[in-house]
Amino acid sequence: MDVIMPQLGETVAEGTVSVWHKTIGDTVSTKEPLFDVSSDKVEMEVPAPAEGTLLEIRVDAGTTVPVGEVVAIIVREGEVIEAKAAAPAAVRAEAEVAKADVASIRSNSVKAANRDANGNPLSPAVRRLVAEHDLDPTAIAGSGLKGRIKKKDVLAYLDSGASRAPARRFPAPPPLSFSADDTEVIPFNKLRKLTAEHMVRSKATSPHVLQAVEADFARVARARTGVSGGWKKREGYSLTYLPFIAKAVCEAIREFPRVNAAIDGENLVVFRRVNLGIAVDLDFDGLVAPVIKDADQMTLQELARAIRDVSERARTNQLKPDDFTEGTYTISNSGVFGTMITAPIINQPQVAILSTDGITKKPVVIETDDGDTIGIRPVGVLAQSFDHRAIDGAYSAAFLNRVREIIQTKDWATVLS
Amino acid sequence: MATKPKAAAKGKGRAKAAPKRAAKGKASLANDDIGEDTRLALWRSLLEIRHVEQRAYDLFLQNLIKGTSHLALGHEAVAAGFATAMQKDDWSFCTYRGHHHTLARGASMEGVLGELMGRQCGLLQGKGGSMHLTSVEHGAMGSYAIIGAHLPIAMGAAWTAQYKKTGQVSVCFFGDGTTNIGAFHEALNMAAVWKLPVVFVCENNLYMEYTPIKDVTAVHNPAGDRAASYGLPKIVIDGNDADEVYRTAQTAFAKARAGDGPSLIECLTYRHSGHSRADPGDYRPPGELEAWLKKDPVPRYRERLAEFGISKDVIDGMDAEVLAQVDEATEISKASSPPGLELIDVDVWADGGTAWRN
Amino acid sequence: MAELTYREAVAEAIAQEMRRDEDVVFLGEDIGAAGGVFKATVGLFKEFGPERVRDTPISEQAILGAAMGSAMTGLKPIAEIMFSDFLAVCWDIVANEIAKARYMTGGQMSMPLVIRTANGGGSRFGAQHSQSVENWAMMIPGLKVVAPSSPADVKGLLAAAIRDPDPVMFFEQKSLYPIKGFVPDGELVDELGTAKVLRDGGDVTIVALAAMVPRAMKAAEELSAQHGIEATVVDVRSLVPLDTQTILREISKTGRLVTVEENPRLCGWGAEIASIVADEIFWDLDGPIIRITTPHIPLPAADALEDATMPSAERIVREIVEKID
C-alpha cells in the first residue's frame, strides 16, 4: 500500500521528509515512527499506516513534496504485489528507441533548490549541476539578466575550486580544536537545526535595516494598573505590555500596509489580513513564532488572551501545524529580561519584524504649555528590522512613529473598561 | 486457397475457342462471340460477388464485421464484365464500394471477408478495412474512399503503360456521384489530352449516397453527357447485363491498347441495399427496387446461360460450388486471429518501419 | 566546384537523375518548353523531350494523381506544384492517398515520387503565393519533408529525394532561387534526414530552415561582432526524417535553443523541436526556449509589411540579445 505525505494542518500544502526511521526491507508498524515530517517550524513523527514491510522509499530525506504524494510503499503481511501493467508493444518500442538513440538525455529525476540569491528561478541545466555537485545556488554569482545564474556561471564556480569544498545549506564550522574534558557537545535538536537554517536563509535573502523609536508607555501603564487586579483574578495571569503593543501595531498597519507583506520574485505581496506572529522562547530551548490570525479584528482583551494562549501552548508543546502558517508580521518580545534594544531577524517571507524590549522608568523631558519639566515615565524601545528590498527607511520610520503615537496617546483606560 | 479454381477459369476469359460442350437445348441459341467458357467465367464471377456480399451482410448482423461497409449487391455485372475482359496484368482502381471489383480481379474470398472482419488473413492484414481493399498481385490497385481521388491516379497508372509501352490498360470504376467532383474533370481532360490507355467506368446506380443523382446533376447522363467535353463518345449501357458490359469493355480496351486514348462508359445499374451499412434506403420511391430486382443481373445471367444451352446442372453446380467456397472462406476468416500489434509499427516507409527521427 | 544558383541546382539535380534512370519522369505546369515559371527547370525539356518532361493543364489533382498512379506502377515521377499554396487544391492526393497507401495496404504499394514546390515569402506575392507550408506536410504520417537552404543542398537533397523509395515533399524557398553557391562537380547525392551544423558557437544554438538559414547565419555574425554572443547555427534541412541526434546534441552544448521559422507561429516545425527538447534534454536547458516566427497572420504583400513580418537577421539579433541572458 501507498504511504502518503500527511496533511499537517488545514492550511499546509506540503511537507518535508526530514528523516526516515526505517530502511527498505525493515518491518514497519503503526506503533512505530516510519518517518519524520517537518513543515516550516513543526516536526512530526509519522507511523506506518499498517503493519508490514517497507518495500520502497519514493522520497528521500530532505525533500519537500505536496500533501498526498506517495512517499513510500509498504507491503502488508500477505499482500501480493501486482505486476505493473505492460505497455503496448508499440509504445514500449518508441520509448526504447528514444532512450537508446539520444545519448545526451539525462535522468529526469534531478532535484534542487530552485532560486538563486536574487530570486531568479534556476534553469534546468543549473538545477542539474547544483544537484549533482550539491551546491548552494545562493552562493553562486550570476552573470545573466538580473543576476540570473547561467550554466557557465556554475561551471566557473566549480572551476574555482568550489566543487572540492561544496557550499552547503548548513556550512560546516571550521574544525575546532578542543579537548573533551573542557567541553560539552550539545547536538542540535530538530528545532535548533530548523532555526539555524531559517536564520541563515533570512539573512542571506533580505537586506536587513534596523530602526528604533523610544516610546513613553505612561498611558499604557496607567490602564494596566487600573485593571490589573481584576484581570489577574478573572484571567489567571497578568496583563503585560505586549497586547498593547500588538494592538498599536495592528492599527498602524492599517495606515502603513506595506510592512505587512511578503516578497514574491519581483513583487511585493501586501496582505489584507493581519496575522501576527509572536516569537516565543521555549525556556532557552528554542524559539517558535506561532501566528495569531486576524489580530487586527481583535479587541485588546482578545489579543491579550490570544497571546497568552499561543505562548502557553508553545511552552507545553501543544501547537499545531496550522498555528505556524500564514503569518504576515511578527513581534519578538525580549522585554522580560530588561534588554534595551534587540535587532531581530525577519521571519521569512515577511518583510518586517518588531522587537520590544524592557520598559523601564526613566527621567523624561515633558513639554507643557508652561514650559519643559522633567518627569519619571515608563519608557521602552521599539526596534524594527525591515527588508530594504521591500520598503525604504522613511516608510518604516513613519510606521514606527505611528506605533509610538498610538501607544502614547490612545485612551487605553477606556479601551480596557 | 478457396478461390483457386476461379483463376483458371479467368485465364481463359478472353478465349474465343469453340465451346467444349455443344449446345444441346431445344431452343438454345447458337454460340456467339463470347463463348461458353467466358460465359461460365462471368457466371462464376457474378456468383462470387453475390454470395460474398450477402455473406458480408449476414456477418454484419452477427457483429463480426465492424465499421462501415458499402455493399455492391445489384452491381455485380459491371465488375464481372470488365474484370473478365481484362488481362491479368491490367490495373483496376475502385471506390470504397469496391468489394465486387476486388473479388472480380481474383482476390481471395477470405482475403476480402477477413479484411472486413479485421483479421490477420485480410488482404491488408486489417490495416485498411472495407473501404481500402487492395490486391496488387491481382492488379487490384486499391479502393479509394475519397470521392474522385482515384481517377487521376488510374490515369497516372495509364501513363506508366504508355511511357513503357507495355500495352496494359488501367480501369477506373466509380459512381455517378463522382462525376460532380473536380478530380473527375481534371482526370478526364488530362487523360484525353495525353491519349492515355485508361477506361473510366461509371456505375450509375441513380443515387449519390442518399440523394437522387438527377436532383444534383445538370445533365441526364452524369457520365455519358459529359463525354463530349473531353472529345469522347457518349457510351451508356445496361450495366446489369454481363454480356453487354463484357463486349463494351473489350471495345474500350482495344481502343486503349491501340493508343487511341481513354473511354468513358456509363453503366446503368441499381444498388439493392442502402448506401452503406447504416442506410436502409428508405428514400427510394415505392416500387423502384422491385422494378430493378426484375433486372437483377444474377438471375438474368442464369437465364442467359440456359438460353445458350448450358445445363441446369452446370449452372446450379457452380452456384453450389461458389457457395461452398464462401462458407469455407467464412470459416477461415472466423478462425483467423486478429492482426498482431506488431503491425502497428510497420510499413509507413519502404524500409518497413515508421521512424520519423533518428 | 562550380558556382550555381539555387534554381540552376534544381535543374541540375533533375537532369542528373533523369540521365541515370529512364524511369524518372517530370510533370507540371509550364515546366517544359517554358522552363518553369521560376526558370528552375530550364533545359530539361530540350534534353529529355516531351515524353519525359510533360506539361500539364492547370489541374493539380491530375498532376499529383498522375504522379501517384505512375509511381505505384513503376515510374519515379517528379511532380511540380508551382506554388506550395496550391497544395491546398490537391491536398487529398497528398495527405489521404500518397501518404497512406503503403501503410493502408499492408506494404503492398510503393510510392517513389517527389513533389517539388516553390514555398515561402519574400517576393511580395501576397498571402496566396507566399506561404511557408512545410508544416502542413510534416504533420502527415507517410511523407518525407525536405527544405534546402543552398544550391549544393538543393542538388544533393533533390537527387536523394528522387532516389528515395518513399514520397518526398521538396520545398524550394522561392526567394532563394537567385542565390549562388558552390556545388561540387560530378554526381552529387546527399542523405535525407540529416541536419547540418553550419557554425559553431558556445552561447546559443539557432535552429533554422530554408530561407531562414542565411538570415540566421548573418545574425550569428552580427551577434559575434557586436554583442560577443557566439551562436551555433543548425540547418535542419529535413523535417521528416528529423535528425534529432544532431539537433539535440547541438542544443545540449549551449543549453539555449532559438528556432527561426518562416511559418506563422502556431504549429510551426520549431514547436515540435521545442517539444522534443523539453521531453528529452530539459535538464540541459540553461534558459527558456525562444521561437522566432512570422506572426500568426496571412502574409501581407507590400514590401514594407512583408519585411516587417518575416524574421529578419536584425530581428533575430535583437530577440537574442534581449532574451538570451
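Some observations on this one:
Here the chain labels run A, B and C in written order, and each chain numbers its own residues starting at 1.
Criterion: a contact is a pair of C-beta atoms (placed from the backbone, for glycine too) under 8 Å apart; a residue touches a chain by one contact, two chains touch by 3 or more.
Computed from a predicted model, the values in this text were never measured in an experiment.
With centres computed from Cα atoms alone, the innermost chain of the structure is C. Seen from the Cα centre of chain C, the chain whose own Cα centre is farthest off is A.
Taking each chain's centre as the mean of its C-alpha atoms, chain A lies 57 Å from chain C. Inter-chain spacing, taken between the CA centroids of chain B and chain C, is 41 Å.
Put simply, the C-alpha centre of chain A and that of chain B have 81 angstrom between them. Each of residues 244-245 in chain C touches at least two other chains.
Within chain B, residues 355, 357-358 each touch two or more of the remaining chains.
Among the residues of chain A, those in touch with two or more other chains are 101. Considering their complex, residues 91, 93, 123-125, 127-128, 132, 134-137, 141-142, 144-146, 148-161, 163-164, 170, 182-183, 186-187, 189-190, 193-194, 343, 346-352, 354-358 of chain B touch chain C.
Those residues of chain C that touch chain B in the shared complex are 25, 51-52, 54, 56-57, 59-75, 77, 92-93, 96-97, 101-110, 112, 141-142, 164-166, 193, 240-245, 276.
Taken together, the chain A residues at the contact with chain C in this complex read 98, 101-102, 104-108, 110, 123-128, 143-145, 148, 150-152.
Across the interface of their complex, chain A is touched by residues 244-245, 248-249, 252, 255, 280-287, 325 of chain C.
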